[in-house]
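Two complexes come next, and they have one chain in common, chain A, joined by chain B in the first and chain C in the second.
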Partner chain A sequence: MLLLASPESIEEENMYRSLFQKEWIKLRWAFLAFLVIGYAALFSIASDLHYGIKMHGAVKYWSNVITYHSNYFSLLKSLPVLGGIAIALLQFVPESINRRYRLFFHLPINEQKILLFMLWVGTGITLVIDGLILIGLYAIATLFFPAEIVTISLLTTLPWFLAGIITYLGVSTLAIEPSWVQKIAIGVTTYFTFDLLLSERNFAQYNDVLVYYLLITLILGIIILYPGHRLRKGSK
Partner chain B sequence: MIFNKLARYGLILLIIIISAVELPFFYHKIVHKPAIGPRFYFSPITKNFMIMKHDKGGMGFYDDHWKSLTRREFEKYLPFQFYRDLSKWGELPDSIDGFAIDASVIHHNSDYYRIMGKDFDFPTIDLYPLFESQSDFAQLQFPGEFFRIKDKIDFITASSNEINQEMSEKFNAALIEAGFTFPAKLIAGLPTTKKPFDEGYFILDSQNDVFHMKKVKGEPSIVKTNIPRDLNIVKIVIQESVQQKIYGFIITANHDLFMISYDHYRLLPVKLEDYNAQKMDLSIAVDPFYVNFSYDDNTRFFSTICDSNYIKINQTSMSLQPLEEKLSEKVKYALFPFSIATYNSFSSMKKFDLKFHSSLSIIGIILSLIIGFMVKIKRREDLKSNWFDFVIISFTGIYGLLGIILIKTDLWK
Partner chain C sequence: MKNYIIECKNLTHKYGDYLVYNDLNFKVEKGKIFGLLGKNGMGKTTTINIMMGFLRPTSGSIKIFGEDSHRISPQTRARIGLLHEGHVTYEFFNVEQVERFYSRFYPKWKREYYYDLMDKMGMNYDHKISKMSCGQRSQVVLGLILAQVPDLMILDDYSMGLDAGYRRLFIDYLKNYVEKMETTVLITSHIIQDLEKLIDDTIIIGRNKVLLQMNFQEFLQKFHQYDFDFQGKLDLTLDDTVSNLESINNHYSLFSFKGKDEVLQYLNSKNLQVEGFKEINMSLEDAFIGLTGKY
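And now, the complex of A and B:
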């Protein structure tokens, strides 16, 4: 039996496609910029590794990484958080200027659905950047180190990338929140949340607790509905 | 509407979680005065304990009857620990109990080991350098390869990041010949060149047999030790010592401590009362006469003294006031109904440990409910439709109050 899509669902699908294009136009330069910055950092890591191994010898370099957990990829640490802030601001500040967000109320799709869709687009773009940087780090680490060091290096970066997603979700929420008091509350909470993920002293120190931070990230994934609702109601 | 409400509660939950991590931590940093525990020494002069301990006026020095001493008097009783000061004062005795001593003798008959609680869950990278144990040179040198043991032993050349097949096959054959069963459960050694010589690695195989592996003139030297299989070993600590009496220590799942002697790997048990390897730090100080096993969990401090043949001769302990009994801690419990700790002093891993405080928390919860009620009245909020806010405060106290004050309720319909 042939299933035909209803005109409403086709319209909704077209609407989401248009929304995606709109978000992509807003974020494409940020996407490219962070990819370029990320790969510049990876290039710097690779050249430091090459130079360090040439100067001190591979044995000494390996030994420092294995025994002292010398972090050869620490240049990547703050990138996801900075990327999260930039993408959230670029995506949501234009919507909050002059309460432009209220235009969504006139679209055929519920504005809360639109808000969540925008958030998923932003999260998706952030994840793609993170994934591409991780692939780059994997390629570099594999060139210089055996599997044990490669694995623990990638595990060590996971909390940093999770901190980036947390920052993106938190800053997106505070960007559209109309009240300054609540903006500050959301900002401070976001800061302390991502900061908790950036205080490692050894490799892979967060392995046992990443699941808790993943749950926190899921909570952050829906809180944007609260300022969205307040905007509709005109709350201050 | 329900999702909008849920989003608000989600934000409040987040504030509760982060407050439960940060507020008790800030309180602890501002209010808590760190209690530094005592240090126990054993005097070869008095044949008894000497105690150094932080007092209100600074560092205090005592004999075993708690008679206060000056620092100089105290050090005179402990020539093995403070021989540099005693030499400077010209007061280092020539002999003790007929044993001739000087700074050099003391130095060469002293050692120090530490086994920290946090060593047990340190995220290790299982690659190890196998040093040449009979090098022609005085200084140990790093080899060009690191080994791993999974279903076989592989030596990886660092400069090329490739497996050295020849060396791997040689050691693989030697391990199999010695009766080793892959994979390894535990590999213990000291991967540094800053040691007087090399004793290689002690490896626990999958059948719980302990093997001693060394590289001698480039060739494998594998010895299957007679260490019993049923010990349930959780950690082996190896530290090369010039005295060459013991290779290191074994700790079992039952927190029993054994020393591995150079005499055919004979195990020397050390009875340490109330020792919990994962929740205590242990230091082992060796001097020409005694071995001092000091261990603590930050509240209870123990010292067990053995003679140079590792026979127990004395022990002592002392407890500081438990944290829970301090006024500052009671105030904390009243203020905060629970806390989330993201670290633990006896672990290397990050934590997310929820700890519920005592029944004193009811005080903070009642106060928070009253404040929450007053704020809602002042804000002219509809109490009936926001009853769940009070449920949140009832369970989370000040954290929930903070969330509810900061994240205002709204017109949901």
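And now, the complex of A and C:
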């Protein structure tokens, strides 16, 4: 059976297309910049690996990585968090200056839906950057290491990327939050959460608890609705 | 029966202990241009913020198209063209992008209204809004509101940051459009001289109180300024006869809705020997300042 979309759903789809384009215009240069920075870091990692293996031989280099958990890709560590901060600020600060959030509160679409949609777009763009960097790391790792090291390397980076998403969500919520006291509380919570995720000592140390962090991320993903609602009603 | 688009009932608002106004009441009739006027800081933008649900009033209510202001549905929002104080818009867009963005939200969108105004100003379509002057930005925002073809326009301090030329352009364009489309308009401003030929009804708010609520032309006809000299300090209480009294040294200006004879009689009844009593022709701005006071 052929399903026809209702005029209302087409209208709403068009509205979301507009909202997506707005977010994309704000974020496109940051997207490109972080991809360039990410791939520059990957290029540097690949050069170091090439040089290290050439100097010490593959077996010695591999054994060093396995025994001492020598992290050959640590250059990537802070990139997701920096990306999360930049994307959140670029996305939400222009909406807050001159109380410009009143513009989207007046659009003929539920404001909570708009806020969530904005977060999804920001999270989506962050994930695409993370994904492309992860693919690059995978490609480099498979060039120089056996499958076991490749797997453990990718698993080690997962908390970093998760820290990036948590930072993005935290900074976005902080940017929209009208009360300074709560801004500080959100800032401190976000800082300790991502800091913990970046403080591993061994490869894939957080694998067992990663699911709990994922849960925190999901909660952070909807918590913005609360400051959004208060902002809509004029809280200071 | 009159059809009211906006109904403000017993509205009171306080910021902490500071009372903005108490018991504000007004109605905006369909197809009329209503001026919500007053000096800076008298609560005009506060009223708009309450009206659009950005702020909850301390007490009272505003209904727009019959809906409570803090529960306006998206469908009703689509019928309201809102100009925010300071011509706030998304500055990361250019002329073309901002039109494309808004066009998808409004079913009656007429892009030609927007581009007609942009073309009149010779604006390049790739001109970024962040690089525009306040006057240029005001025309972009006006163009977007016109293209929306709203049933109600709420224009909050349209004159902010605009020189006389841009203010005139704004008003002329708006007047022409509103007459053609029969749009209801609520306009706020602290600069009044451009509004003479635009506004039908008005409410002028002062500190904590309504100073005037009437047809605008009636206000212009009935409000008078009388100048005179008086030796000594003249201390008159504001009442039905004396709407305001301003003085420089011994020279006084008395503002009143009463006729010349009535005011003279009033002064005589108080045994005040005034000299050189005469009526002064007022511009609209004189009348506004006369009513609201200089300070």
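Note that in this section the second predicted complex is superposed on the first by the 232 of 236 C-alpha atoms of A that agree within 3 Å, B and C clash if a C-alpha of one lies under 4 Å from a C-alpha of the other, contacts with A are read in each partner's own complex, and residues count from 1 in each chain.
FYI, contacts are C-beta pairs under 8 Å (C-beta built on N, C-alpha and C of every residue); 3 or more make two chains touch, one makes a residue touch a chain.
As the structure is a computational prediction, the values presented were derived from the model and not from experiment.
Quick check on the superposition: with chain A as the shared anchor, is it clash or fit for chain B versus chain C?
After superposition on chain A, chain B vs chain C: fit, no clash.
Classify the contacts of A:Lys60 with the two partner chains as first (chain B alone), second (chain C alone), both, or neither.
Touch status of A:Lys60: first partner only.
Examine A:Ala185 and indicate which partner it touches, taking first as chain B and second as chain C; both and neither are also allowed.
A:Ala185: touches chain B, not chain C.
Identify the partner contact of A:Pro108: answer first if only chain B is touched, second if only chain C is, both if each is, neither if none is.
It touches chain C, and chain B stays clear.
Is A:Ile223 touching the first partner chain B, the second partner chain C, both, or neither of them?
first
Counting residues of chain A touched by each partner, does chain B or chain C come out ahead?
B
Looking at A:Phe20, would you say it contacts chain B, chain C, both, or neither? Reply first, second, both or neither.
In the superposition, A:Phe20 touches no partner, neither chain B nor chain C.
In the superposed arrangement, does A:Asn98 touch chain B (first), chain C (second), both or neither?
A:Asn98: touches chain C, not chain B.
Rounded to the nearest 10 degrees, how wide is the angle at the Cα centre of chain A between the Cα centres of chain B and chain C?
140
Which partner does A:Ile152 contact after superposing on A: first (chain B), second (chain C), both, neither?
Touch partner of A:Ile152: chain B, not chain C.
Does the superposition put A:Tyr138 against chain B (first), chain C (second), both, or neither?
neither
Please work out whether A:Lys233 is in contact with chain B alone, chain C alone, both, or neither, and reply first, second, both or neither.
Both partners, chain B and chain C.
Quote the smallest CA-to-CA distance from chain B to chain C in the superposed model, rounded to whole Å.
Least C-alpha distance after superposition: 9 Å.
Considering each complex separately, which residues of chain A are in contact with chain B in the first and with chain C in the second?
On chain A, the overlap between the chain B and chain C contacts is residues 233.
Spell out the part of chain A that touches chain B in their complex, as residue ranges.
57-63, 65-67, 69, 112, 143-146, 148-149, 152, 173, 179, 181-182, 185-186, 189, 192-193, 196, 199-200, 202-209, 212, 216, 219-220, 222-226, 228-230, 233, 235
In the complex formed with chain A, which residues of chain B make contact?
3-4, 6-8, 10-11, 13-15, 17-18, 21-22, 122-123, 125-127, 129, 142-144, 146, 148, 156, 158-159, 161, 191-192, 342, 348-352, 406-408, 410-412
Which positions of chain A touch chain C when the two form their complex?
Answer in residue numbers: 11, 14-15, 17-18, 21-22, 25-26, 94, 98-100, 102-103, 105-110, 232-234.
Taking the touch rule as given, give the residues of chain C at its contact with chain A in the complex, in rising order.
For chain C paired with chain A, touching residues are 49, 52-56, 70, 74-75, 77-78, 80, 82, 84, 86, 88-93, 97, 100-107.
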